[in-house]
Each structure stands twice: as C-alpha cells, then as structure tokens.
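My structure is below; once you've seen it, I'll send some questions.
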C-alpha cells in the first residue's frame, strides 16, 4: 500500500471517526454538571472512614488500591522490558571520561539533588494530605538520581544506577504492595484491606496501611525510574565513549 | 472461597517480584523454582475458583469496600465459570510455557520468566474482575508484558518491527477502550459493570451508548485480532519465541473476545436488548469475514509460526460468530471451540519450537522432508491439524457443532457452510505444511507462498524428551475436549450465566446468590448436520492440502482459470498485509468508523 | 448552556491545548518536536490545575519535565549520532 | 461553549491518530501516541469537573465543600503512568530498530510482508 493510497483511505475514515466522537460527546452532561454519584460518595466517606484529606489518593491507594497495584506492575514490567531491549552484550563501560569540570555545576547540582530528593520524600509522605503521593514523589526522587549523573559523572552514577542494586529495590516496592494486601488476607480480611485504622487526619500518619502501600509505590516508582533513566543514558553514553 | 479469588493474580505477581529481587542473590535453580511455583500456584487457585464458581458466582470486594445503598464503591472480582475458566486456561498455559522454556530457552535469563508470570497474572485479573476500569489496568499490564516478550530476540529487525506493530496497534486499542469507559462513566457515574448495566437498563440507546459500544468492541477486537484489526497478530507471532506464541494464540486473543462478551452482557444488553438483532448482524459479518480471510492468508504462508498465526485469526473469526449470535448455545460453543483451539494451537506452536531446536529453521520449504527424522513429532503435528478442522468428536468439533446449532436456532442457516470452509482451508494449510516437512511430499519450491526473510535463530540446546512431553500433554488435553463427559453441558450452562445480567446484578450489588443445578455428565449429543459439516471440513482440509502440494499436476485447463481468478485478489490481500504500522492504524480507523457508522444507522431506530 | 459555564481562563488553556496538539504532530524535526512537546505538556499541566486536579497536574509535570524529555532526547541523540560503523554494517 | 472542553478532547484524539498514521519517524510516532492519549486525560477530567468546585482535597477546607470528582483524577493518574511506560518501551524498540536497520522510518522497514 503506497502512502497515497493509505492517506486516501484514512482521511475519510478519520472524518467519520471524528464525527462519531463528537456525536458521543454531545451525550455527556454539560461541562461542569457532573452528576456523580461515584465521586460524591467517595468524597463523603473518605475523611470520616479513612482520615484522608486527599480524596484522590484515598481512591488511588485505598478504595481502588487494586488498580494501583496493577499500575505498579505495569511500570515494573515495562522497565524489565526496556532493560531487556537495551541490554548491551559488551557490558558496562568503565572507561568513560568524566567530563563535568565546573565546580559551580557540582555545587548547585549537589544542592539540587538534595532538594529533589527532599521534595520527593515530602510528596510521598504527604500523599493523603496534599497533592502528591507515591508516584509523583517517586519520580521526583528518581530525578534527584538523574542529577547525580550530571554532578558526579557516569562512573558514580553507574555504581548505583544498575540492575544489581535497583532490581531488588524495585521488586521490594512492587512486591511490598502485594504483601501488604496479602497480610490482610492472612488476617481473614479481604485482600488489600486497610487494617491499621485511619491515623491522625491531616498529618503524614493518616491513611493506615494504605500509607505503607503509598510508600511501597514510591519506592518502586523511584527505583524503576532510576533504572529506566540509567538504561537510556547508557544507550547514549557508552557508544559515544567507545566510538571516540 | 472468596479469600482465594485474588490469588490467581496475586501469586504470579508475588513470584515475579520475588524472582526479580533474588535474581542477583539467589542460586539460579531456586529462581527457576520460584517461577514454576508462581505459575503452578496461579493455576491451582484458578481451578479451585472454577470449581467453586460452578455452584455460585464467587465475589470479593477489595479492601472490604462493600456496596452501599445498592451502589458499588470499591473494586470487585466476580468469578463466573466462563471468566474463571479463562483464568484457568491462561495460567495453565503459562505453566506449560514456563516448563517448556526451561529446556527451550535456557539462556533467556530471569526477566523472561518474570514477564511470563506478569502476563499470566494480568490475564487472570482481566478474566476475574467485575470493574470496567480494572479491566483496562489488567489489559495494559498484559499488553506491556507481551510487547516486551514479542521483542525478546532483539538481534533482528523483524522481531523489533513485529513488536512495534503489536505495541502501537494494541495501545491505540487500549485508548479506544479507555475513551469508551470514560463515556460510560459520564453517563452512569459508575465503574462497576453491574452498576453501569443497572443504570443503563431501560434507556434507549443514543449517540453516547452506541459510540461507547463501538469503541469498547473495536478496542477489544484489536486484541482479538478480528479483521480489519488483525494485521499486527501475524507479525507478533512470527517473531516471538514459540512458548510465547502459545500464550499469544492460546489465550491473549481469547481475552479480547471475553472483553466483548463481558461488556455486552453486563452493560450494553441493558440498553440494546431490543435491537440485539442489529448488533448481531454486524458482528457475525465481521466474524465470517475474519474466518475466511485468516484461512486464505494461512494458506499463503510458508513460515510455520506465521501460518499458524493466520490460522488463529481464522479461528477467532469462527469464535466471534459464536459470541455474536448472542444465544446461550453459540456462546458455549465459542468457549468450547476456544478451549480446544487454545490447547491444540499451543501444541502446534510447541511442535514448531522443537523443529526450530532440531533444524534451526522454521520455513516449510527449506524443511522439506527433514521432519522424517522425527516421526513422533510428525504424528503430533498431524493430529493437531486434523483436530482443528472439526473432525467429528475430535478437538474443536464440539465448539463447531454448538455454534452450528445456535445459528440454526437463530434462523441463520448460511453461516455453517462458511465456517466449515474456513476451518477446512486453515487446516489444509497446516496439513500441507506438515506433509511437506514430515513426509517430504510436494515440490521444494512454491511461488504461491509469501517469501520470508531468512532468519538464523539463536543457538539452542534442549532436552528433546522434556519438550515432547510438555507438547504431548497439551495436545492430548486439546484432543479430548469434544469427548470430555459433561463438558459441553457445563460450558453451555456457564455461557447462560454469563448472559444473565439480572442475576449478575443481584449477585454483585445485592449479594443474592442463585445456585446453578448440576448438569448431567454425558458426552454432548450433536445433530447429524453437525457431523456432516465436520466431515466436510476434514474433506476440504485433506483435499486442499493435496492441491496445495501437487497443484502443478492439475491440467492447465483447470489451473489457468484458477490462476486468473485467484491471482489478483491474492495480490491485493498481500499488499494489504504490508507490515507498515501506519497502514495498520489506518485500517483500524477505517474499521472503527465503519462499524460505528453502521451501528449508528441501525441502532437508533 | 451559557457562556458562563466556561471560565475565561479555561477557554484560554483549552485553546492552547487545542493548538499545541497539532503543533507536536506536525513538527517533523525531532529536536523541535521535543521542545514543542514540552510546551504542550505544560499547557496540559495548566489546564489540569484549572480543572481542579493538582494531583494530576503534578504527575504530568514530573512526567513531562523529567521522564519524557530524557527518554526522547536520548532516543533522538542516538538516532542522529554519526554512524560509527560498528553496528550499521548492513 | 460548554461543549468546548469535549470538542478539544475529540480534536486532540483525531490529531494524534493522524500523526500516527502519517509518521515517518518511530520517535515521532511514539510522541503522537502520547498526544492521542492526552485526549483521554482531557475527556476524563472534563467529565468530572464541577462548576465552582475546588480540588477534592480537604486540608483546611470544610468537609462537604463543593469539589470536582476525585474518581476521574485517580483514573487519569493511572493513565499517565501507563503512558510513560508504553512510550519508554516503544522508544527502546525504536532504538533497537535503528541499531539493526539504520533507519527509524516505518515505511522503509518492510520485513513483515504478506
């Protein structure tokens, strides 16, 4: 099929598809008139029953926690896939030059690493109080790891940005989520039951065992993302080092 | 029993996490054992749930979030026998594939087992969940694990392109599904299937409902590889390792059809029951088209895995007809057919793996006669091929017979001969390949068959008895499906329950149980018509296989017109299967627009 | 069904998103594409915050400023790098 | 005007598909896929919007204050993670294609014909 034939076939179909979408969307309640009831019910119950201010994360990590468990494993599987696809048979290169010379970069970079990790931890910790939570915090922590590469260079980065270190952490994060769920099951409760009670509302201790779930998600996301970045950086750095 | 419900998903996922965590720490054999234990545990719990679900539909609310005021709050797993059966088939085939891979892909490393476990767990989750967004989550986990497995052998362009085509097509499908979910949520404010159906009940279908139906059905049909959404499937199969193909062909595509079945009967039936006739006609047409197209394409292949992949497409078309007829007998027939097909096709792919190990090739023409050295494998291959053609009381026969009878009851009598032809042609392709490889029949060249890039498989060392053993077990199970006492009746009862929306709502939202009576234990009786159609399928398969092998001995008087009549359409078909992802997504758009457009015209009446 | 249902700030953010999407799709130069995609991501963040979804906005922000640019940039850099002859011998 | 948010969602979806079909570069194609996916975020969040509602976070806000739907936000969060993972996988595949074939134009790689 030539490009011309493809586009000649595709454009009318796309117009029809667009018309279908618009037709469907006219059936949605007018913008701003969300009718519920699901969301409204959750808003009513999540603070009284679970002492969580942030209803979104109460939904994500407790009420619909099983979705998030699946999501953690999606990330888990994808990172395994990326590592597999980008694996380099020649192994890791040890002779990469460290080309970051400026002290200014080092100082500000080091400060930025600390800041990124602190922000990340804060975001995870306050997941049930303010916006944030395991995923956002985890990526922020991982970006701190990425900054380490900028500051310290490839060799230091690759000392911890590799599978031997990160695979167990990632697996403990994802596995921990399931184990917390199983703990409830062993105790005779439904899988993923929040079994610690709510904790103090409005503090980092709110959330009960969903708090642990949130933390294990944070660990998994951070480790998985560092590994992801590391694999892509590897792809960039190692061939250049070898080629030149 | 409710405590066991999450375990077919949870056990493989925990095993995957453990195996990954211990990859650099534990001895290798222990890691292998964790993988097998995870798969075996998932399979065992699926069987336990399947048996329990036959008495009562099993239900558990995650986190203990039970419905309040008759509306769902949390996410539920709802195991009816149809879903639990698919979970069992999926985890059983994962177990077989992991065992086979032990000697087939010794150097694959831990990530391979881990991805297999995640793939299996995700399929079980999809089959068991009662929540439409949770379906999407498992669908995506299944997809991500599968894309990585498809690109597993990264040393060649072919596998990579196959994996990309697979990933992009299925991701587009996933977004269609998500858009459909969003539309249903906008209308009903619910994500639980029973809840959504309950809110839609009695409302006439409007644009939103019709388009949500279109997006969900087309999204799932991409996964089910129904034409014109099927183009990615042969690419993905051609490149994936044989044990991975087992999962792709045996269960992953079936998951797509379960998605259609589940969504239709729990959600859309509430609104569309009066217009069911129009839903049926569109889906039956797609099914027949797919069955014939897949069969013809299978006949044109010489790469064995690709040939089997197109034959899978053909069988998915036949099964879609069973689903689409919307009656109990046909749906049960589709389930029986898919069970037998899953096992038989799995054993055929495992046979291909053995050929690859032994001869480092998988091309029908290059393997000409080499299979004589492996007579046992030849017999297994031939049995698998014949059992797929619908020979009475063997393999897929029961499913065919039930679909035929369902079609007759619905008064659509032209369907059965077409399905017979499709099954015959795709089996003919497998038989022809088998005769060429294992008997050395026919010439060593054939311009009719698609040229394939020669690919050198990675070197493998394997224990032949172990590979043959796993293959034989799967094959025997597949052959026995049609004569397993009571199976037909039990599956039909399961299909009836999957169709019963009122009982589903009662169970999920009101905790009201409706126990099922025990069906009689007897070999399913079939009509004379079905026996005749079955024999017809075998005759077509054998005859056409011979024609495929010895075509050149036909007189020019027959051959000339045949070539003139079939040449151009075949060239056109080949051109459509271009291997270019842009074309594939264009066809997906065309298919969705046409299906949606036709339903828009028919269902609004 | 009145104009008042949509705040002016929402209309502006929606317009930016509506223009941003084709800008990403139509930029065929890879490096330009990633810059445009970054801007598109930011307009999405803005819109999400206006929609009352700061959690989603934050997610989009960390994804749009760290994850996407990094993986895409590396991909582009690899694809553009002069061929070293070590792997493109075909 | 109250249809505008939905119209934008539909528009972004169509633009994304158009990009996928016409793409001549797998990296570009991956980004077009994210554009198509962003349409689902736009749709979900627009559906859950409540006129005059704040974020569904009650820190320092009286319970029962009008707020937008939390469920669609939770769904969108999951959706975003899915998007990142799929993109990373497709880009990794694209990089490998480039290593093997020396091109990332899907039209130039035709290993899978017929």
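Lettered A, B, C and D in written order, each chain numbered from 1.
The definition used in the following text is that contacts are C-beta pairs under 8 Å (C-beta built on N, C-alpha and C of every residue); 3 or more make two chains touch, one makes a residue touch a chain.
The structure displayed is predicted, hence computed values, not measured ones.
For chain pairs A-C and C-D, the one joined by more C-beta pairs in contact is C-D.
Chain centres here are Cα means. That of subunit A falls 18 Å from that of subunit C. With centres set at the average Cα position, the gap from subunit C to subunit D is 10 Å. Chain centres here are Cα means. That of subunit B falls 36 Å from that of subunit C. Between subunit A and subunit B the centroid-to-centroid distance comes to 32 Å (mean Cα coordinates, whole Å). Within subunit B, contacts with two or more other chains are made by residues 133, 137, 140, 144, 147-148, 151, 154, 179, 185-186, 191, 578, 580, 582, 586, 589.
Those residues of subunit A in touch with two or more other chains are numbered 3, 6-7, 10, 14, 17, 21, 25-26, 28, 30-32, 34, 36, 38-39, 42, 54, 56, 64, 67, 71, 74, 77-78, 81-82, 85, 131, 135, 228, 232, 235. Annotation for subunit C: residues touching 2 or more other chains are 1, 5-6, 53-56, 59, 63, 67, 71, 75, 78. All chain pairs in contact, by the document's touch criterion: A-B, A-C, A-D, B-D, C-D.
On the subunit C side of its complex with subunit D, the touching residues are 1-3, 5-6, 10-11, 14, 17-18, 21-22, 24-26, 28, 30, 33-34, 37, 40, 44, 47-48, 51-56, 59-60, 63, 67-68, 71-72, 75-76, 78-79, 83, 87-88, 90. Contact residues of subunit B toward subunit A in the complex are 2-3, 5-6, 10, 13-14, 16-18, 20-25, 60-65, 68, 71, 73-75, 111, 114-115, 118, 121-122, 125, 133-134, 137-138, 140-141, 144-145, 147-148, 151-152, 154, 179, 183, 185-187, 189-191, 206-212, 214, 575-576, 578, 580, 582-583, 586, 589-590, 592-594, 596-597, 600.
Within the complex formed with subunit A, the residues of subunit C that make contact are 1, 5-6, 53-59, 62-63, 66-67, 70-71, 74-75, 77-78, 81, 84, 86.
On subunit D, the positions that touch subunit B within their shared complex are 13, 17, 20-23, 26, 29, 33, 36-37, 39-40, 43-44, 47, 71-72, 75, 78-79, 82, 85-86, 89-90, 93-94, 96-97, 100-101, 106-107, 109-114. By the touch criterion stated above, subunit B contacts subunit D in their complex at residues 133, 137, 140, 143-144, 147-148, 151, 154-158, 160-165, 167-168, 171-172, 174-175, 178-179, 182, 185-186, 191, 234-235, 238, 300-301, 450-451, 453, 574, 577-582, 585-586, 589.
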